[in-house]
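Please find one structure pasted underneath; my questions will follow.
Chain lettering (A, B and C) follows the sequence in which the chains are written, and residue indices restart at 1 in each chain.
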Amino acid sequence: MSEHTLHFRPADGFRARSKAVVDNPFLRQSFRGAMDFLMAKRAAQFPDPEELESLRSLGEAIRQYNLAKLPDLLLQLESRLTANGVKVHWAETPDEANAIILGIVQGHGATKMVKGKSMVSEEIELNHAAEAAGIEALESDMGEYIVQLAGEKPSHIIMPAIHKTKEEIARLFHEKVPGVDYTDNVDALIQIGRDVLRRKFLEAEIGLSGVNFAVAETGTLCLVENEGNGRMCTTAPAIHIAITGIEKIVEKLEHVPPLYSLLTRSATGQNISTYFNMISGPRQPGEKDGPEEVHLVLLDNGRSQAYADEQLRKTLQCIRCGACMNHCPVYSRIGGHAYGTTYPGPIGKIVSPHLLGLDATAGLTTASSLCGACGEVCPVKIPIPELLMRLREEAFSAPRANPVMRGQGAGYSPLISAIWRAWAVVYQSPALYRMVSWLGSRLGGFLPSRQGAWTSVRTPLRPAPKRLRDMLRERG
Amino acid sequence: MSALARDRILAKLRQNAPSTANALPDVAAWYAGHRPVETAADKARRFRHFIELAHAEVHAVTPGNWTQTLHAVLKARAIDRLLVAEGTPHGDAALDDLPPHGIDCSVYDMAIEAWKTEMFEATPASLTGARAAIAETGTLILWPDALEPRLMSLVPPVHIVLLDATRIHNTFFEAMTAEGWKNGLPTNALLISGPSKTADIQQTLAYGAHGPKELIVLLIETTEAAQ
Amino acid sequence: MSEPVESARRPSDIYFFATCVVDQFFPGAGMDAITLLEREGIRVHFPEEQTCCGQPAYTSGFPDEARRVAAHQLTLFPEDWPVVVPSGSCAGMMKHHYPTLFAADPQRKAQAEALSARIHEFTDFLVNVLGWQPQDRGGDCTVVLHTSCSARREMGVHLTGRRLLGDLKNVRVATQDHEAECCGFGGTFSVKQPEISGAMVEDKVKALKATGAELVVSADCGCLMNILGHAAWQDEQAGRTTPSLPGEHIASFLLRRTGGAQ
């Protein structure tokens, strides 16, 4: 039951990392272009505002209905899957999840695992753990494959290699894939990836995947994808291991179509993905393909903490479409790597504190102007700005007994808290406010011309020589 | 470890689960209010429109002539080898009609382990049926089974699908409710809406990422459906 | 957005909640808003005891402090008159967040809800309550409108500013690239994440200037402080003495275009 080892504290160095990106005009332009493209594609999928609003409301209701019944549904899912022949495992921490997965792999004496896209496997750093155990864990989603080949991490949950240009990928393939000449033709690059990875699908003993929706009433794991690598990973190898967070569950099969429609339309502006892969069991007697064994790993990793609080529970409504990133003016300025967390962008800022603790992530909660673009596009209406304000409160208030979150109070500063208390004293007292604002109007011209971060790109703030109340009094 | 984790996770959730359940969302009402009932011909038209948008090739055929179209499709690509599902009506029809035209029809008659390399490296095309389809997204529904296994619709670079237009539903929701899916699903059920694709390199769309590079639909439109 | 009312229900009196930013930094904008309302025959009451809506503490994660300051504002508007706020952001705080802020205090929650129903952002009040049709008396001019995120997303009033400017027959309203995107102000965000905020305001100013408009107008002084502050900083850096991007509150612009104080 060891606590997951924290490899680093994402909030440390966030400002330095984001500065490096905003100071790079090429990266700035490239992120902006990519996000503009995705925003336009989403908008084209929702021409009717009434349909969009009612579908978002339905999506929200479905997610909230299922979260309210979560413990019962997990048991129902487990029992249905077990009856279907799927082996169900539970993990509280990333370490436990890795131990379960690597245990299955080693139990079969296997050394080659091919992976479909799974953010939860990124969350638990499975590739790292597999490598340490001498197991090859190869990413097969084109974007993930590129990122892994480059020794990097995904910068977007839907488009992992969105930070890379085709020229960079061309150089990468030329350098890292044996026998490949430089080409920046995208079709040719994809063909190179296809050739390498089809050989891996043929040889791999273990296929690993994520899960988009787990249906309790039928015991079905649903996977959404365009490339077909997810189907390869879940069909060609003898063993399929799926991993998911405990929240991705719906009771009824009929809950799937609205969520699936919201997911692909919000994520990439597609009316549907190329493949929707519904897995309800391993190969049955007489069937000629499909895995002999199917495993599902259910991971908590902080989700039960978010679940415990009525407001924070809304975090778990997420269906991982990434629309909040695509529409976020902060994400589109700094890209995904600056956050330092598995899940970047607005959703990352509200999910990561539960996965990693506020002690590692308090600073990230301030990286939002609360403009509300994320909440506006969220297909399941997660009130992301409200949740960010709540997390700021949890992060910056004085440490309390029985905190609702790990790391509560980690950002507490007696000085900052005292300043806000003093601010409240002034602003709740008309007399004090009058005095302080009068002083401001008198001293405006004497305020320093350097006002910290504000004047790094702006002229100093100077109160007007006369306040509105003075002007009104003079007017009579 | 896993059993202990299970108990602890469930205990934490139970301790904090809401005491009252939310009302069951009325998914059917949403679809009734937002998706019109369509004629068979409209559904066929919409299906065709959307799957073609997704880069699939659609041929209108009849119950009597579809193997001729199938042959023409293969000939146009200089493909002389086709994987078919023996024991299915369409597989048997192909087995009867194509070999005289010089097409070598192979069958999926043993477990994949016995011929995986051949499947991956020497199977240029396959023919499967589709159980049903969805008009609003241009989607084929396949339920692979012992006769027509899962990899047939995934590994060969050209995947040809025979679809009866009368099997087209308006929406995914309509398909699963009309067919009673919640009462039992096969080990693997699939929605397929075009050939395999990716936009992972600089948002540039490329087809044939890992699965079929081409998806060809032979759409059987009887006079009833065409009306 | 408020429902338009018939002239019979056109209010004779309103409260004006200036906001702390307007009181201290943009008093001219507050004065112009009041003047315009008075010119339309409305008695404007300015409760002297008003301070701040509490939003800075609220968004920074200090809801207790915000609640104390907000509780004071709840006491300032005894008559059943509309409360007009020349800022979408502060109006949003009072209209949408006050009821949440006092969720645990039934008495204050009821007060907050009653107040919430009477809160109007300035341009929303002009369009949807007064049904005001501005008569343009100025010469040809091109302006660009920046709408704050709260005005747009919380108050749904991004259309009213555009509508008012559109009614001015000699004014061309330019549209900037990424019109709906945040200017990067975000209260304490601008100083906690100065690099990102700086990049956002840089892009915003660039987009506004690219329209060729003579003037940027906004119904939110927080955004103006940020946008004009950055434009002026750029001018300083470049040694320019005339502002490359002048700007003002939409109240000042509307008042001037429609004949001033009279």
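Keep this in mind: contacts are C-beta pairs under 8 Å (C-beta built on N, C-alpha and C of every residue); 3 or more make two chains touch, one makes a residue touch a chain.
In this text, all values refer to a predicted model and were calculated from it rather than measured experimentally.
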{"item": "Core chain by centroid distance, with centroids computed from Cα atoms only", "value": "A"}
{"item": "Per Cα centroids, the chain farthest from chain C", "value": "B"}
{"item": "Inter-chain centre distance, chain A versus chain C - centres from mean C-alpha coordinates, in Å", "value": "34"}
{"item": "Averaged-CA centre spacing for the pair chain C and chain B, given as whole angstrom", "value": "54"}
{"item": "Contacts with 2+ other chains: residues of chain B", "value": "none"}
{"item": "Chain A - residues contacting chain B, complex", "value": "1, 34, 37-38, 51, 54-55, 58, 61-62, 64-65, 68-71, 74-75, 84, 89-92, 96, 99-100, 140-143, 146, 159-162, 164-166, 169, 186-187, 189-191, 193-194, 197-198, 201-202, 217-218, 220, 226-229, 231-232, 235-236, 238, 246, 252-258, 260-261, 268, 271-284, 286-290, 298, 300, 304, 307-310"}
{"item": "Chain C partner contacts - residues on chain A that touch it in the complex", "value": "15, 18-19, 22-23, 28, 329-330, 333-334, 365-373, 375-376, 389, 391-397, 417, 420-421, 423-424, 426-430, 433, 437, 440-441, 452-459, 461-464, 466-472"}
{"item": "Partner chain A, residues of chain C touching it in the complex", "value": "18, 20, 22-28, 30-31, 34, 46, 48-52, 54, 56-66, 68-69, 71-72, 149-150, 152-154, 180-182, 184-203, 225-226, 229-230, 232-233, 236"}
{"item": "Touching residues on chain B, where the partner in the complex is chain A", "value": "1-6, 8-10, 12-18, 20-25, 27-28, 30-31, 33-34, 50, 54, 108, 110-113, 116-117, 120, 136-139, 145-146, 149-151, 154-155, 171-173, 176-177, 181-182, 184-204, 206, 208-212"}
